[in-house]
Structure formats: C-alpha cells, structure tokens
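Which chain is which? They are A, B, C, D and E, in the order written, and residues in each are numbered from 1.
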Amino acid sequence: MRRLLAARAAQAVVVVAVVATVVFALIHLAPGDPFGAALESGRVSPEVRAEWRARYGLDRPLAEQYVRWIGSVARGDLGWSFSRNRPVAGALASALPNTLVLMGTALLLSIALGIAAAVLQAARRGSLVDRGSSALLLVFYSMPEFWLGLMLLLAFAYELPIFPVSGVVDPVMHEYMGTWGRFVDRVRHLALPALTLTLLLSAAIARHQRAALLDVARADFTRTARAKGLSPRAVLLRHALRNSLGTTITLLGLMFPALLGGAVIVETVFAWPGMGSLATSAIAQRDYPLVSATAIVGAVMTVAGSVIADVLGATADPRLRDA
Amino acid sequence: MTPDPLLDVQNLRTTFSTDAGPARAVDGVSFTVGRGETVGLVGESGCGKSVTALSILRLIDGAGRIEKDSHILLEGRDLLSLPEREMRDVRGNRVAMIWQEPLSALNPVMSVGDQIAEVARVHAHASRAEAHAKAVEMLRLVGIADPEQRANEYPHQLSGGMRQRVVIAMALVMSPALLIADEPTTALDVTIQAQILELLAEVQKRMGMSILLITHDLGVVAETASRVVVMYAGEVVEEAPVRELFADAHHPYTEGLMRAMPRVGGTETRLATIPGAVPAPTDWPHGCRFRERCPYAWELCEREHPPLYQIGAGHVSRCHLAIEPERRAHPHVPIAAATGAGAGE
Amino acid sequence: MSERAAGVRPLVSVRDLAVHFPVKKGVLGRAKGAVRAVDGVSFDVFPGETLALVGESGCGKTTTGRAVLRLVEATAGTILFDGTDVRALKAEPLRKLRRQMQIVFQDPFSSLNPRMTVGATVREGLVIHELAEGAEADARVRRLLEEVGLRPDQASRYPHELSGGQRQRVGIARALAVEPRFIVCDEPVSALDVSVQAQVVNLLQDLQRDRGLAYLFIAHDLSVVQHVADRVAVMYLGRIVETAPGEALYDEPLMPYTQALLSAVPVPDPDAKRQRIVLSGDVPSPAAPPSGCVFHPRCHHPARDAACARIVPPLEPKGEMSGSGKSAGAPHLVACIKQPPTTVDDATQRAAGATHPPQRYLPVVGAR
Amino acid sequence: MSATSGPWSVALRRLRRDRVAIGAAAAIVILALAALLAPLIAPYPPNAQPDIVGMATLPPSGAHPFGTDVFSRDVLTRVMYGGRVSLGVAVLSIALSITIGTAYGAVAGYVGGATEAAMMRLIDALLAVPRVLLLLLALALWGAVGLPALILMLGLTGWFGTSRLVRERVRALSRGEFALAARALGASHARVLWRHVLPSALTPVIVAATLGIGNVVVLEASLSYLGIGVRPPNASWGNIIQEGSEQIASGWWIALFPGLAILVTVVAFNLLGDALRDALDPRK
Amino acid sequence: GRGDRASGSEGDVGGTVVISTAAEPDFLLPPIILSAMGKMVSDQLFERLAEIGPKMNAMGDEGFEPRLARHWTWAPDSLSIAFELDPRAHWHDGKPVRAADVKMGFDLMRDPKVASPQAPNVAEIDSVTVRDSLTAVAWYHRRSLDQFFTAAYNVIPVPAHLLGSVDRANLKADPFVRNPVGSGPFRFVRWVPSQLVELVADTTYFRGRPKLDRVVVSIAPDPNTAVTRLLAGEADFIEVLRGEQLAQAQKDPKLQVKQYGGVDYAFLQFNLRDPKHHGRPHPVLGDRNVRVALAMALDRAAIARNVYDTLATVPFGPAPRSLGIADSTIRQIPYDSARAKRMLDSLGWRDSNGDGIREKNGVPLRFSVMVPGSSRPRQRVAVLIQEQLKGVGADVTIDQLDFNAMIAKLGTRSFDALINSWHPDPTPSSIRQTWTSEGSRTNDGSNFGSYESPVFDAQVDSAVASHDAKQARTLYLRAYQTFVDDAPAIMLYEPNLVAGASKRIRLVNLRPDAWWAGIAQWSIPAGERIDRDRIGLRPAAR
C-alpha cells in the first residue's frame, strides 16, 4: 500500500507538471492579453498598459515567464489574479470549498443511489423494475448536463419556486440567519446543482455497477456461494456486491475528470461560485495566473481522486494491496 | 446398486436454450450413489457431467431448465420439488460441491477463513467466533499448516494446492452426506493431484460421506471410485463396478476410451483412437449417438436409439451389441473416420 | 553433451540456457530481482528424434521451448540450430530460419487468430516465406489440411466452428506449411480429451515418420510422453534434473523428483497395487529458488542431508549408456549427489555438512 | 452454419435479433437521413428570415411544426440542418480520435518497455485534465474557430481513453499465442501488428466509438451552450438550444426540439453501443 | 456616536435593496476604478466635489449641485478654480474631509506609478494645491468648456490620512482598495468576491442619512442569472431588462419597470482601410458609395424592433439623443433595397457568375463582421444584417469573437467590419476619441475604422472649441450630417434602457448615464417591507 501511494505521488508530480506546461503553452500561444478589456473604454493609454504588463512580467520572453512561473508554483506561490485583484490562492480558497461541497455531495448521493439502483436491478434482472429503471437512468445518462440543469431550474425554481435559482447561500440574508437557518439555506441552494450532478452520475454508476454485478454473477465463486446454501440476497450483497465494488471504485477514479468537467458546466448553469465558474471567468478575462492555477488544482484534484479510488479499491480488493 | 441409495437421479433432463436452438445437455440421465460410496462420472468434455452435477444442486440458471419429469431423490426426498428455501438448506449442508478451478471458485475479496466460516454461519447459525474457530479447525483438517494465520489470508496468497484444500474444507464444514467433486484435480499438477486425492480418501474414511467424482481421467477413476458411470452426449452409456468396467467394458465408447489412453508402463507403440468428436448438444444424432464414431455400428444403430441393456450385476450398457454380441468380432472403419467428419458442424 | 552414434550431429543443441524475467517493482519500475524461469539448461535434439521435456506447471518448459525459437530472448547460453548460432542472428536471417523451426501450442483456441479462416491461417506461412501463391498455394493448403486429417472444404471455417482436436490439427498444419525440420510441441494435447488426444498424438508421430521431423515435445503428462518420446528430460524449477532414454527413465528413475512424479500418475487399473510417493508442499517460487539442489526441501531420498542444501548437483551420468532405436547410446544423466555414482566426492559432501553417504535409492513406483 | 461466419457476421446476426438494437439503429438512420437530406427535404431554407418583426418566435403550427425562432426561421428546418453539424462533428471527431488513439495505443502496447511506460504516463496526465476545461481553454482563448478547427479540437482531446483501451488490448494480444505463432512463422512485426493484433484489438474500440459519438454530441452541445462551440449562423443542436434557452418562457419550443434530438441521438447510440458490445462478447 | 436606531420606524427610512448584476467591481478606490460596477459602488461610498445636475449639462458649472464642496470660485483668468469644502463632511472613520484629500485624489490619478486609467480624464488639470485645510485649488493648462466638469466630477477626494503611506506602485494590492473608507452616504461593510458587496447607510452623513438601511450588490455570473434573481425575488433591482425578460417582468405583479433613456448607441462600423495593407483603402468598404448602398439595404427599424421591440430607436447620428444635440434635422439614408441594388449595379458590382454574390474586377462583395461573443443583442443583430445584406448580393460572414480576441484585432486594425457600441461621457466632445482622425492615428485610439475626413475633423474641432453652447450645437449637427453622408459606420440603434425593480422600491433619479445616481434617495415604505428589509443597521453576524 505504501508503495502504491509513493508511486502515485510520483505520478501526481508528473501529471501536474505536464498539465501546467500544456496550460501555459495554450494560454500564451493564444491571442489577446489580460488587459484587452481595459481598451474598451478607450481611456487606457499605451503607457499604462505597458506599465501593467511590465508589472506582471508579461513583457519578458516566454521562456523566462515559464521558468519563473513554474518556479513560483513549485514554491507554492500561485501569483496574483488580475481579474479578481487578489492573490490567486485567495480566489481558489473561496471557490474550492464550494466545488468540493458540490462534488462531494453529488458523489456520495450518486454512489448510494447508483449502487442501490444497480442492486435492485441485478436482483430483479429482466423484470419491469429492472428495465424501467434502466431506461430511465439511460435517459438521464444521455442528457447534456446543462440541459438537465436547465430543466430542473425551469421546474423547481421558476414554475414551482421551491429552490433558489443560484448561488451557495442567500447572499443577503445568510449572514443574518441562525445556525439552523443557515444550514437550511445552504441545503436549499445545494439541492438543484447537486441533484443535477447526482442524476447524471448515479445513472453512470448504476449502469456500470449493474453490468459489473451481472458479470460477477456469472463468476465461479458466486456459484460456490450458492452451492454453500446462501440466499440470493446474501450472494448478491456479501459476494457479488463487494467484488464488483472494486471496478466501480476504479470507474469513479477514472470518471473524476469527467465529473469535474460536469461540475464546471453545472456550476455555470446554477451560478455556483466554485472552481468551474472561476475557471470559465478566468479564461474569459485572460487571467493567466488564475487560469493556470485552476487547471493545476483540477489536475491535483483528479490525481487525488484517483489515489483515493486506488486506496479504496485496494481496501475492497486485497489482490490490489499486494500489487 | 444399493437398495436404499443416498442419491437417486432418475431421468434427469436439463436443457439450455441457445442461439442454435435448445441444447439437451443432459438427456435422461439416471444413476444412484450409495451411502459412503464413491461413484466416478466420466466422459468427454461437453458430455454433460458438470450440468448433471449442477442440476443435482439445482444451480442451473439463466438459459437452463430442468425438465418436469426428472427426479433427484436425496435420502428419499425429491430435491426438484423442494421449495427454494428448503433447497438452500440442502446446499452446502447435506450436499456440498468442489470445483475444478480452485482460484475462480473462491471469492477473491474475502479471506479464506471467512469463506469457510460463512457455511457454519448459514447452516449451523454459529456465532462469528464459533464460525471462525470452525474455519480454523477445517483448515487444519485439510492439512493446511498454520491454519490460524492462513484463515486470514486471501485466495491469491495461496498456492493452487492449498486453494483446493480450502475449497474442500469449505465443503466439509457441515459433514455433508454427499460430496460432488467436479474434476477436482484437473487444474493441478500430478504431484498435487496425488495430495488432493489422498486427502479426499482420508476425509471420506473419516466422515463416511459419499462422493460423486466427476473426471475425465480414467486413471483417477480407477484409483478412487468403486462404481463408474460413463456419459456420452448427454446420456449414460455404461455403468459398472470399477473392476468390471476396466476388465470388461461393454460399450464401444468405453472400450475406445480405454484403448486410446496412453499408460505409463504401457507397451503400445501406437495409440488406438476414436475418430471424430462429440456431436453438439443442439442436434444429437438420432438412433445411437455414438454411431458415427463406432466401429461396430450397423443399421439398427441408426434406426433405434439403444436402451440401457443389463449386461451383468450392476453393469448396464446403452449398446445394441448387447443383443447381437457376435458383431463385436467384425469391426469396420467408423463413418467419422471415413469421411473425416468432425464435430461442431 | 552426448556423443552418440558417431557422425550424427544434433539438429538443435542448447547449452547453459538461462531465461530470467525481471520482476518490476517500485516507483520507476526498476527491476528488483528476477524470476529464474530457466536456469542453466542444456540438451540436444537429434534429427528425427523426439525429446520430451516434462515437469510440473511453472518449471520453465514453455519458456525453454520459446527461448529455443527466440520467441523469448534468453538471458544466457547458446542455442545452435544445425550449427547456426540462433541467439546471434539478426532480424532478417532469424525470420528466414524460422522456416525450419516451428511451434505448436497447448491451447488450440487461443493460438489461432479468431478472425482468420483455417485456410488463411495455414496459408500465412506460405505467403510470408513466398513459398507459393495463388492457385498453387490453395492446392498446398488443401494438401496440408488433408495431411492433418481435415477436409479441404473446411478451409473456409473459422476456429470457433471447429472442435478442439480439429483446431489443434489446424495449428499443426500451420506449422507444417513452411516445411520445418524441427517443431516445438508445447503441450499439444494437454487441452484435449483422451479420444482426441490419441488422434493428435498419432498424427504427430505419423508426421515425424513421414517427414523426418525432430520434436521438442513439452508435456506434463508422463503417460503421453512415454508414447512419443525417444528421450525424456525432467525439469524442476528451471533446471533439468534428469534425462534419459524413455525406457530407462520409466524403468529406473533415479532422481527422487522423477520418482515422485512417476508414482503420482494415476494408473487406470483398479487392481494395481503400488507405493505412491506423495510429496509434501508446493513447488517453490522460481523468483526465490532453494539453494543447492532445488528439490531438496521436498526430497524423500533417505540420504538427504545438509549437503543437498549447499551443493548444486551436476547433471551427470549414472550407469551405462542405454536406450534402443533412435535413442540408442544416449546416457542417463541425473542431478543428484546422493544417487551414486557421483562426481561430488565424499570429502566435498562432508565438507558441505553431509551426514549420509550417497546411497542407491529406487522405490518401486511403476505399475508394471 | 454458412461459410461466412467470422466474428463480425456473428455479431451482425445477433444484432438483427435484438429489437432494442434495431430500434436504436433505426432512430440513428432516421436522424442521419433527416440531416443528410436536409437540403432536399427541409421545408424552408435554413437561414431565411421571412419577417423578422411579424413572424419571430411563433409557436408550433401546421406551417412550422417546431415553431419559429427569434429570427422568424423555421425550427424544424434548423434542427435538420443542425443535425448535419452535430452528427457530422461527432462522427468526424470520433473518427479522428479513434485513429490517433489506435495508432498511439498500438505503438505503446506493441513496443512495450520504457517507451510504453513514458507514453502511458503522458496519457495519464492528459486524462487528468477535464476535457471540458481543456476545450474551454483552447476554444475560448482562440476565439473564433471554424467547424474544421472544432472537429480537430474535439478529435485531439478525445483519443486518450481510446489509446489506453487499444494499448491494453494490443499488449495482451501481441503477447498472446496467435501473435506468437505468427512471429514463429517468420511474420514481421508490422505484419503481426496489422494482420493479427489490430483487427482483434479494434472490437472494443468500435464499441467505445459508438458510445463516444453520443458523448461528443453532448459535448459539442455543452460547448455551444457555453457559447464557444459551433458559431452562428451555422446551426447545431447545441447552439439552437443556446438561442432557445434565452427564450425558454416565451419560446420553449426553440430549445425543446433540438434537446429532444440530442436525447434521442445519445440514447440511441448508447443502446446501439451496448447491443454491439453484447453481440461481440464471445462469452455469450 | 452613531446611533443604532431601530430603522423602519420613521416612515420611509429603512429597508434593503439588492441590486442584481452580472459584473463585479474591480476596485473600490476611485482613481484606479475601470469597471462600471466599481464606479457604481464607489459613487455610493465616495462623494464628489459637486454633482452634475439633472439636465446633464457638462459645459461650465451651470446646474452643478454642491457636494463635498460647499461652493467654488473661478479665478479671473478661468485657469484655476478654488473649491471650498463643507466642514461637516467627514470620512466614515470619523476624520473630517480636508483639502489634502482632494489633492490626494488627483495625485493618485496622475502618478505614473499608479498607472491610473482615469489619468486621461484629468489631463487638462495641471495640478491641485491646498490653499488651506478646507480649500483646494485646481489649476488648468488651458480654458475649455468642460473644465469645471473635469475637476468636480472626475477628481474624487480620497482619505489622505489612510492613503498617505501606501505603496503607490502596488496600490491595487493594498487592502484599502477592497476595504475602503469613504465619505459618501453609504459606508462599506463587506465584499465577498464574485458574490456580493454590501453597503450600509451612514447615519451620520453630513447631508442627511440615506433612506435605505442597506444596499447589497449581488453578483451573478452571467446576465441571465442576474435577471433571474430579480424575477425570483432574490434581488430588487436590475439596471437593464430587455426582450423576453422585460415582458416577463411586466407581467409580474411584484415588479415594476422603468425607462430611463441611456447614452449607448450601437452601429455597424466599417474599416475603411485594407486590413492587410494599411496604406490602401479597403477593397470593398473603402468606397463611400458602397457603404451608402449597404446602409440603404438595411431595414434598421425592423432590426431594432426585432432585438429591442419598442425599446430602441434608430439614432440620428454618432451621438445619443440624451445628449440633446442630434435631432431629426439630420438627413438619413433611407431603407430601399431596390435602390441599393441599382446603386451597386451602377457602381460595377454585379453578380456575373450567378452565385448570388456581386463582384467587381474579380473581387467579391464580401466582408466579415466581428461581434463579441459576450453580447447577445449584437450577435442577433449580426445574423439579421447578414441575411438582409445577402438580399442585395453582399456576402457577410460573422466573426464571433471572444472579447479579448476582438480587442486584439481592433488594435491592429485587422478586420473588415464590426458591430460595436459606445457608452460616451455626458459631453459631446468625446466624439473626438471615437470618430476623428485623432482617434484613428494612435494605436489605442478608438476610431478603429480609420475614418479620416478633414471636413468632419474641422467641424468637430470648431464645435469643441466653441464657447457658446448654441453655436456649438449647430457645429455639432453639421459634423453629424457629414458623418451620416460618409457612412463610415451605419448607426443601428440606441436602446432605451429599462430598469426592473421590486414594486416596494420608490425609484428616484435614474440618470441615463448613471442609474445609481439617486440610490441615496430611494426608499421602501414601511408597509411594504419584507424580511430582508428588517435587518436594520445591525452588522453581519461575522
């Protein structure tokens, strides 16, 4: 296990370095600069722009910018966000928790939902429940995130105004609420974006988990379990489920980037001030340091996600522990 | 045959629906297993041995179905008419099974101790600690050194021989009346096979259970079984006490098997062969199913599906030679050899 | 190794062959130790002869066979094919040489490309070596199929439409197509039923007779081996521990391992009464083979002692030249310092901690 | 059995008996035909604005079964033309990513060793960046990209998974026995890879590609929704939805129909992919 | 002390207004603010010397109302103005506002280390000096019609006692710019990036406390969400509603809508120079007659109608109606596509190869129109224009660009045409930057299309130099006519901005150029208050 972690740590460094380089290249090869927007007013003189560019080192040769930047990132200094006018770390610190809450909630809910659905389907294979719920989940699975989000928004925020349309908390009232009120406020705001991601993700998990369960059901050892006199329920829960969990955990690890991508879009639809919103607006505003930092954080999250998946996978499957 | 057999399989027919139509994998099989007896079930790959074993435990699933008029009497009770819940009490308890591939037969994510203990928990309603103690005891019984330690290990940490011992331990927890062993040594090396066969003989002696030993290795049969049932193409083609079978096989298929088998110490320079291959279970030939590969077949064999003829005491054979024994003196080239026809067509 | 019937040169001559597979571990996948799959193996195969290689699963038979054909790269040793140093060949000459040495695999299904018809499979060798094309190739494919006992019209079949025995025949036809002189048969009948196994064994023997082929016949089934082999080499943990003409080996197995192996083979005779040597424990891992004689931890030789754990026993002649027919004059070599005569003298043994002198040990194992 | 019963024809025969697969394939064919034949069968020209004041945002009617959009254009016509772009982009970019992924994966898997390790580490890294983010970055930073560039970008960011899949299969197959047999026959590496390994390695790739088309349709729609995908006046399902999402209350039909088209397409490709996987599964 | 009086008790005093917006302030220190939202917030926090009157007159000091300056005195030569501060004015930390604060406000704008984007706005002022603690004097390089405006409106006093020792080169990173201390009617409470800025009434404000208790700027990530928040009742005010959403708001019984004009005008601008060889005229658009024909082919009224329904009008010329200069006396190019076709025919642009596109000497009548991806209305206009010009045989490709990419192309003048819109200062002289040769020659000037007409330049110059308002107007009108006739750009529409607000709120003084100018006078009657109005003045829990 320790070896596994060490290997993953080394891999993480490589991943982050590659991501950082790719992002740097993409950004600096693209036309435009962060101070373009200032031009619109027609009031910023070339001297001022030059001064700004110089201040952020944008006038140096690319190679030098790259080396400086990589160096400072390695030292943990992510730089200054032009568009937010604050340290990048600060901007990340306020966005990251929101994304983690959203993704964490969605992940937990969808694992629970997806696995429950899959177990139900596998247990009643071929029944109406199986086929009906499979079809329904396939429809969710096939929906574009933004479309599902829009539909939920339309249904539960406009037509039936049960949930707020956007944000993490009621911007005005939150600070003036009691503890319970704040909690409810957060949950209400979290509901729709988390539901959107959950529906999509649990559909994916359920589809995969169902197939895995049926695969395992074909395996010799499930036959052994039945030959031992175990009830179908015990076979499913004690033997099949635990075995198939490994592949689902691996899948989750692999799906992490897609989940993050989904979060980007869902955050946009629901105006959730997380990493996704941060990244989109940073890109739109050519905020180089912030764009790079969000990409790096994304990569770190992905690697962290897959390490967690590996560790969990190894917990679920002893064969991986010795690998 | 014993008057009050432990297991009495009567006219077992198990069918699978496949792309190519219904496959009659087991087609009217009958045999008995007496108390404390070891019966060998032999036959070529695909002849229906495993399906027979699974049918006894009613573990046929998916596309498979046991036909209505089949009966499997265990200690007088027809297993096929038991409700599923009661059937579960039989599995692992009165009848236990061991498998060919010990690695895939074990759950890779559960410690072997837990897998053994599970049987005690289900059938003896043992507490966690009791069950664990039972598992360790069973591991010791099957000759695994350091059983306390091994109980906590996972299948992939054990060698092939040890895994098969674990599978056996799991089968023996409830001291079953019948142990079905489906090619328990095929995946093992000869030296390990010897160990396992030794072990089986020993536990049988100790526990007094019956064994239905499925194998395609006549050598194993000769060394372990007291009675042999030979299957071909979903049917029993011959059944006899082991000595009689080896000394005086009646069915041409059995005869062919005996001769085709190379033996250590044998002196033949050239092996006898059975031409052709087993037909597919979706279209058994009419008449005698062995006809095309048989050196004695004549037109009766095509016309009439042979019944099981009584040959001697406890010796039956599904061959028309029983009524025209003189034909044995005039073998000819079988159809399969003449046309080069093979299987799978 | 063997100077037999003067003037006959071995077709294949292997000396001190070793194949070590690195065991990769750690962050950067550095090699940390090795699986000594084959560790110092020497043998000769003479034209028209069958040398059988027997041993338990994992002892290195397949690896040896493949290393001879350079399908895996050997770590050390020399391999001469008809005088050519196989290990020194460059890609192109090696490709050419492969016309002369072929392989038949154990699993007749996985060794056939499921997407190629029987005809295409058999034809491939002809195409690669430009032996025939067009109608002539078709005719040759037909002839080959007939030769291995398949109907020519089965050329358009796919492997999944054939039975196991038929698939194995296709595998043999594929090997024969390029007209080799030497074939490595890697457990060609292990996956087959007895009745079919006999067909294939006979076929291989017929082909050998008709074409003068030499076989390296790998098997774990000693009863099959006895029928096909002129000489038998017994492997254990990457080494050859005993080699002798068939009859000699079966009559008088000297290496305790061979004895156990032979005694473990079930005999299809309910009346046979014999002593069975049941070895304790499992074969050790080739990644950490025991010191000295690799068999010593499981050995049942009464004279086994501390020296066995220290001294690597040389493969040396025990007794007179024996054998008849093709194997006439082949020596009986055994790697055991406790089975006299031995070149490892008493003094050396005692220095290594021996407490027992060597002693002829020959339990009755056969069922003859 | 007939003489032609290679793995593919077996699969095809199985598919023909699978009603769900037939339905899915039919849906795909209908959508594809509607898109391909749009210039012939669409009721109106795709960009004509007959009356931007009087006919804008009309609800569905006999003349306009899917209604009209803010520019008084016929939505049915736009959805048909949008299908050309959405499906075309998806198919072409998948073709591109499959090609790259297969080549890369095949080389890595066949060559093995340190080269393979390095190549796969790179893939790990690339897989760690959410694709949406990567596309967002590339497309948003470059601004106006045409359809070819969009296809290129989607193709270039879509092959990482394929390469893994191919590499695994190639690795297994090229060390497998029939590849070894071919090498023993004297076949060159190129021949082994091309004739023996790749054909078998491609089966899962084809399944993945089928499933992937659905993904790319959704991805393209998402990008268009974020305003960086297909640019007007080219219609794609995504940007029709985007235009429609602003009219959701007064012109729900504008976003609904392309949304349904996406849903049907993706569901159909998923079903077909699943059916294909089952049909090609040798275990059955 | 500042009494924490229970609010809401006194009639219309009290309540919270949540302003919904999609823009985030950049900074909250006037000299470095660039964004409109920054300006909106800082206008609540920082008081000016004097405020422009409702008539929006920027010439002279007519109509200006005193704020921090109690009164002002012009020097006889008009080259300096002395502002005398109101002694009651104080910073929110309690310190009085002093003349040094005025000087600090100006110095920060001018200091090159600060690199203030406002610097050009105060270019006419030479310096600001402190005559005594309550008197600051602005010194000018030369006289001009809007010199008072420049100082009173653009020089905003900032607290010298807090900013005296800051690192000016790093002003943007100074905590003050995100946590300001002002002198205006509202005091700063908190700023949660990307979420909100919260202000609370300064009950000790020297000109009387604002009626509202609290103003919250709620920041949405995009305009749609911003509107949605208003419609969902999560916010109370949005500066602009249009189309669909306006219709929805009008139907909503809880909402009111209010038109307040606006100063924006949008146009299709042509590049008169060849984008590849800047020395040559544009191969298609360089010809005035072609431009006129194109203008004739556009049904601008229908376009405005399609995009803004009744809420936009076609402008008279390159200046918004609200400046009160452009009027219907300007001769327009009529919509007449038949005539446009004839005109193009006669100019030699004919479709000789039958592809539906005209060409002349092998050059097709084809050009691309850039439009920023951030503006939905402009994108819509582009699609409308494209189709209408196709009708006369002109092929328009739409180049929808990310805003920054567009700016880059504008800077290098490498484009054919562009749909753009200006939000000019409330003084007509701003036309210089945008349409005269002066604006085209410098790279950062905003005359991106290089319209260089000596006639137009001369007319503008004389209008700007004029000291007489009436004469100036005539001169401006003449310049506008020249512009319309030359068609360097086709004026498309001038939106009539419509704000949306909760009916609770009594909106006052929505100025066309700055809707927020009257927030301090907005109110919510006690009877109509909702939860958030009852928070009172109490500080946030954290």
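The rule is short, and it goes like this: contacts are C-beta pairs under 8 Å (C-beta built on N, C-alpha and C of every residue); 3 or more make two chains touch, one makes a residue touch a chain.
Keep in mind it's a predicted model, so treat the numbers as computed, not measured.
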Chain-contact steps, minimal, separating subunit D from subunit A: 1
Per Cα centroids, the chain farthest from subunit C: E
Interchain centroid distance [CA atoms averaged], subunit A/subunit C, Å: 56
CA centroid of subunit C to CA centroid of subunit E, Å: 90
For subunit A paired with subunit B, centre-to-centre distance based on mean C-alpha positions, whole Å: 53
Contacts with two or more other chains, residues of subunit D listed in rising order: 1, 140-143, 249
Shared interface positions of subunit B, touching two or more other chains: 345
Junction residues of subunit C, two or more chains touched: 161
Touching residues (chain side subunit A, partner subunit D) in the complex: 11, 14-15, 17-19, 22-23, 26-27, 30-32, 138-139, 141-147, 150, 154, 158, 218, 254, 257-258, 260-262, 264-265, 268, 279-280, 283-284, 286, 291, 294-295, 298-299, 302-303, 306
Complex contacts: residues of subunit D adjacent to subunit A: 121-122, 124-133, 136-138, 140-143, 214, 218, 221-222, 225-226, 238, 241, 245, 248-249, 255, 259, 262-263, 266-267, 270-271, 283
Touch list for subunit D against partner subunit E, complex: 47-49, 52-53, 56, 70-71, 140-144, 227-228, 231-233, 246-247, 249-251
Contacting residues of subunit E [partner subunit D, same complex]: 224, 244, 247-248, 302-303, 305-306, 373, 376, 379-380, 382-384, 386-388, 398-402, 404-406
Residues of subunit C defined as touching subunit B within the complex: 56-57, 149-151, 154, 161-166, 193-199, 201-202, 205, 220-224, 226-227, 250, 260-272, 276, 278-279, 282-283, 366-368
